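Presented below are the structures under discussion, each in the form of structure tokens.
Shared chain: subunit A. Partners: subunit B in the first complex, subunit C in the second.
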Partner chain A sequence: MASSTINVPNASPVVGSRSFLSRLRNGDEIARVITFLFAASVVLITLLLIFELWTGSALPRHKFGLHFFFTKVWDPIAEQFGALPFIYGTLITAGVALILAVPLGIGAAIFLAELAPQKLSDPLQFFIDLLAAVPSVIYGLLGVFIVIPIMRQFIQPALKNSLGFLPLFQGPAYGVGFLTAGVVLAIMVIPYIISVSREVLMSVPRDQREAALALGSTRWESTWKVVVPFAKTGIMGSIFLALARALGETMAVTMVIGNTPTISSSLFSPGYSIAAVIANEFTEATGDMYLQALIELGLVLFLLTFILNGLARLLMLLTTERGSGMGQV
Partner chain B sequence: MNARLRWRKLVSGFMLTMTGVCALVAVSVLFFILGYLVYHGGNAINWDFFTKLPTPVGESGGGMANAIVGSAKLLFLASLLGVPIGFFGGIYLSEFSGSKVAFVVRYAADLLNGVPSIVIGIFAYALVVLPFKHFSTIAGAFGLGLMMIPITLRSTEEFLKAVPRALREGSMALGASKWKTIMHVVVPAAYRGIMTAILLALARVAGETAPLLFTAFSNRYWSPGWNQPTASLPVMIFTYAISPYDDWHRQAWAAGLVLLGLILMVNIIARVILSRGVAVPRS
Partner chain C sequence: MVVLALAGLVLAQSALLINGAGATFPYPIYSKWFDEYHKANGTQINYQSVGSGAGIKQVTEGTVDFGATDGPMNDDQIKAYRAKNSAGILHFPTVLGAVVPTYNVPGVTSALNFTPEALSGIFLGRVSKWNDPAIANANKGVNLPGNDIVVIHRSDGSGTTYIWTDYLSKVNSDWQEKVSKGTSVNWPVGLGGKGNEGVTGLIKQTPNSIGYVELIYAAQNKVPYGAVKNSAGSFVKADLASVTEAAAGAVKTIPEDFRVSITNSPGKNAYPISSFTWLLIPEKFKDTAKRDAMKGFLKWALTDGQGAVENLSYAKLPKEVVDKELKAINKIQ
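Moving on, here comes the complex of A and B:
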């Protein structure tokens, strides 16, 4: 029925075997049950996802046990599977991404929440939201054709010349590798850090700032020593959220990390990540053991992001009380 | 003492400027992305891109007509799965449920929302590709539809909850049943917000690549029906970008421009509607 905003249909009495009221009640009951089924299917799907990941990875879980995480041989032909290089690559790239993204993201959030007038802050936040909507394959595209050449020609040689004595910045500059993947990931997670941190900072009561200013602190001192500590847990939440995104990110990393299972102390070295190896090898996986080893990697990724997202939500809840779930109950 | 104060003010000014620089850098990334895409993609885009099939390897020219249609089919099917579950589930959460059930459903939805897209791909593979024994549009759309559910669910719930109580009570007082009140009063009042949220969900999954790699796979020809592997814009961008051919690189840029253009357009429209239209009086 076409209806404008307020259009209450006539509740005309209905002639029937049962009373009007009970029919109404029954209609509501049916609606309740049907919508409940839709809501319940969300829970069911989530449980099924966990179940599929768990049963789908039974073979390698039984054969390798915990060795799966600590061995670095990935040999599909000999059916030897160790996930260490992929876990290493995932953690290193996410670490690099956070080191770059956290200061920049929090700085920008402070500017948007504390300094910029609303007329400037709102449009900037609009652009940040748009940035968060850019698909990862686009970041990968720019990574391949823009970031990799820049890294190879300028940034990696510069780092080598200035900080080359550190093991982190040694070896040939290929362009692809941990550092490049970390940089691309950093660009991708900055919008998440900004959006969440800005909201958390804006929820800090005005009195806090005014009290600090009244005691004679400068604008920066009131921000950094009063407002930011007040919002600390929420900001940590935004960082966990960003970390979860970085760990699970697939396309952009696959396109710039070099796809070589190596464990190297040098950030210039090409590497591999959990998500990237699944993306590259899943369609080619022959044999149950190979396929299931990849699914087990998926399970690892799922558990990592599950824990981090849970922590992030808890932390954000503690500061703003408007995260999902408990805040509304 | 005076020197100390001057120093503190100097530090304050410097650090505040730095935060401005951070914001500037973050925002300028968007314009870098757009600039590069328009520059590289604009040169490569032409009428053929929208109307022709990909040419065999080594031959130049051709387009991505099949990938554009493939993406549209995937999105259509995905919304058939994602929108009803999200919409009716959201109605349940907002209008019917007790707090315990609601907590479990919300928790599951947030969990699903946080699952990396590549893992969604594995799930769709295990559930749809394995039983049918081949890649298909249906499998890809299943993965994308799953990703739409949590977004649609949570935003439907939020927008319904923002509908003022007085509207519901007015309708109930006139004798309408609860279900009629929901469908004819509450949902229409929140209609605009819910529609924009669904648009945003579509825009988000439109760019997803990882769940399609081993579900919808890819195809260099048209994909008839729903049961065949199909090309899609994001997967084409991926395969073309990592290929060794210059001509494919150009096409990848063109596809990137088209995809990002569509996604940003939907986002801008949706966000403008949400901010201007004041879909729902928030109390």
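Moving on, here comes the complex of A and C:
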């Protein structure tokens, strides 16, 4: 877009066709067409995906209709399929993950960007980037061999003893379940939040900090009241990224969630997530109805991600409007 | 691959490529067979262990030359195959496998005995304590705790689950009605672990748990497992001999198409949770060279090939079954 506005004054003394040729020779037009195609392909792939998921799930969509979202039974033999326990499990585990990861991640990012000396900040950032690149099956193994035993032997009994009056922390402690899956997901998404938030915080102009300090605020006040609000949009972006990863994570979740389609108010209860059930059952799914019900679950996950992203964006629009004065000063 | 195939065509007419896909359970023995057969006869057979369900699907759609499955195709699937390929499909049992109950009960070191009533009760959620009479009566002298039983099953669709639920369906009519048999079922109770290793891992970590794994996996990983009461009334611990005996016990009733479940088989020493695993071979081959190679391989696997079976902890087919199958090979056209 910008290239054409720059080109117009340069090309104006020359005849139209030659201007196009010269632009072509300069590569601008080609670059524009090619990059447009690249950008369009993203939309195309998304549409194709929706189309495939939609046509691939025709049988259960017609048979169950909207009941698919609200029934609890998942019985491949009787061909009764309901997505509710999986939707519940996906939302709960992602929710637990964000509750744990957001304060931790943003706190760490603030330290790395604002308070830590460069000598400490850079090597730490290296480790965080490394963590973000670890394959999810490794986090799953970490969950199985370290998080599950710790949860069963220490954390779950401790929670039961102190907060056992809440329905959240009741029932037998198996080690696997919603809480463990949430914890493992939190470990997985924290690097994303730190990495992106730190980058955003560091790009806040120096003037902002200096202005706050000049007005007599302390170091922490300038960070918390000026720098963080300035970077709010970017930090929210890092949280969306974390949410998207938590919703779609498959391997690590299936290794620690207990793989039982249940809906329980207790975080100790074993559960199931959409991505996990697809990964578990797809290869051995015989019969069209069964296979298509799994594809419809894929469609549900897509919808869920879409809706949550939309809500998050809405939230961001509302909050940035209120805080925009701060950002534009 | 193309270069190899071309080179093969030039050098010898026998360098043939056959593709198959299906069950993961027999993969170790199949890959050994295909490798040995390739060395001996030059016929190359590729096998992808993608799961029984996918194997049935791929052979029906004709994307592979043969399939493999841990549970026989049902009548609907056979009908679908016939409709698509205008010819039938044949089942050939190749080796035998078994599924064993494994558990982690603190303080119990000896192998436990399980009756069919105890196993079905536990997996239905009706027997919920380890010292329940259903378990305790078969284990006199073992000090069983009064703790709650944690049931652990496979979360991924698998032939192991098929064999386990097939057995439970036979010994308990409530199970047959409410849950039935399949590669994935709607479990009344329990936690799911992914794969044999997932189930074993959960059992090791969870006190008072019980689950089921393949005999081969248990044997190779030294997972302790219990004995199961067979239809003759004796408690049998799964091993190669008791599994082969289960197949021998079913020989008289084996149908022409070999689609038979041998769980709860008669026979004094038969292990009741045993099963064949099958190759799925089309009745009609368009390519006669492929057909002859396939027949040659089947003959070899059922005779010479059986010698390699026990080294990999699979149980051999009984002689009577092999004889029947060798006759059935002639049906391939």
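The definition used in the following text is that the second predicted complex is superposed on the first by the 252 of 329 C-alpha atoms of A that agree within 3 Å, B and C clash if a C-alpha of one lies under 4 Å from a C-alpha of the other, contacts with A are read in each partner's own complex, and residues count from 1 in each chain.
Everything that follows uses one rule, which is that a contact is a pair of C-beta atoms (placed from the backbone, for glycine too) under 8 Å apart; a residue touches a chain by one contact, two chains touch by 3 or more.
The model shown is predicted, which means the values in this text are computed figures rather than measured ones.
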- Chosen between subunit B and subunit C, the partner touching more subunit A residues is B
- Task: Could you tell me if A:144 is touching subunit B, subunit C, both of them or neither one (first, second, both, neither)?
- Result: both
- Message: Going by the contact rule set out at the top, does A:78 touch subunit B (first), subunit C (second), both, or neither?
- Response: second
- First (subunit B), second (subunit C), both or neither touched by A:45: first
- Task: Tell me which partner A:255 touches in the superposition: subunit B (first), subunit C (second), both or neither.
- Result: both
- After superposition on the shared chain, which partner residues are touched by A:210: those of subunit B (first), subunit C (second), both, or neither? neither
- Touched partner set for A:283, first subunit B, second subunit C, both or neither: both
- Note on the structure: Shared subunit A footprint, subunit B vs subunit C, residue numbers 144, 254-255, 279, 282-283
- subunit A - residues contacting subunit C, complex: 73-78, 80, 144, 148-149, 152, 172, 174-176, 254-255, 258-260, 270, 272, 276, 279-286
- Item | Contacting residues of subunit B [partner subunit A, same complex] | 8-9, 11-13, 15-16, 18-23, 25-27, 29-30, 32-33, 36-37, 40, 84-85, 87-89, 91-93, 95-97, 99, 101-112, 114-119, 121-123, 125-127, 146, 149-150, 153-154, 167, 170-171, 174-182, 184-185, 188-189, 200, 203-204, 206-210, 213-214, 217, 234, 237-238, 241-242, 249, 252-253, 256, 259-260, 263-264, 267-268, 271
- Could you pull out which subunit A residues touch subunit B in their complex? 1, 3-9, 11, 24-25, 27-28, 30-32, 34-36, 38-43, 45-49, 52-53, 56, 103-108, 110-112, 114-116, 124, 126-131, 133-142, 144-146, 187, 190-191, 194, 218-221, 223-224, 244, 247-251, 254-255, 275, 278-279, 282-283, 294-295, 298, 301-302, 305-306, 309, 313, 324-326, 328-329
- Along subunit C, where are the residues that touch subunit A in the complex? 50-54, 56-57, 77, 148, 150, 155-158, 179-187, 190-194, 198, 201-202, 205-206
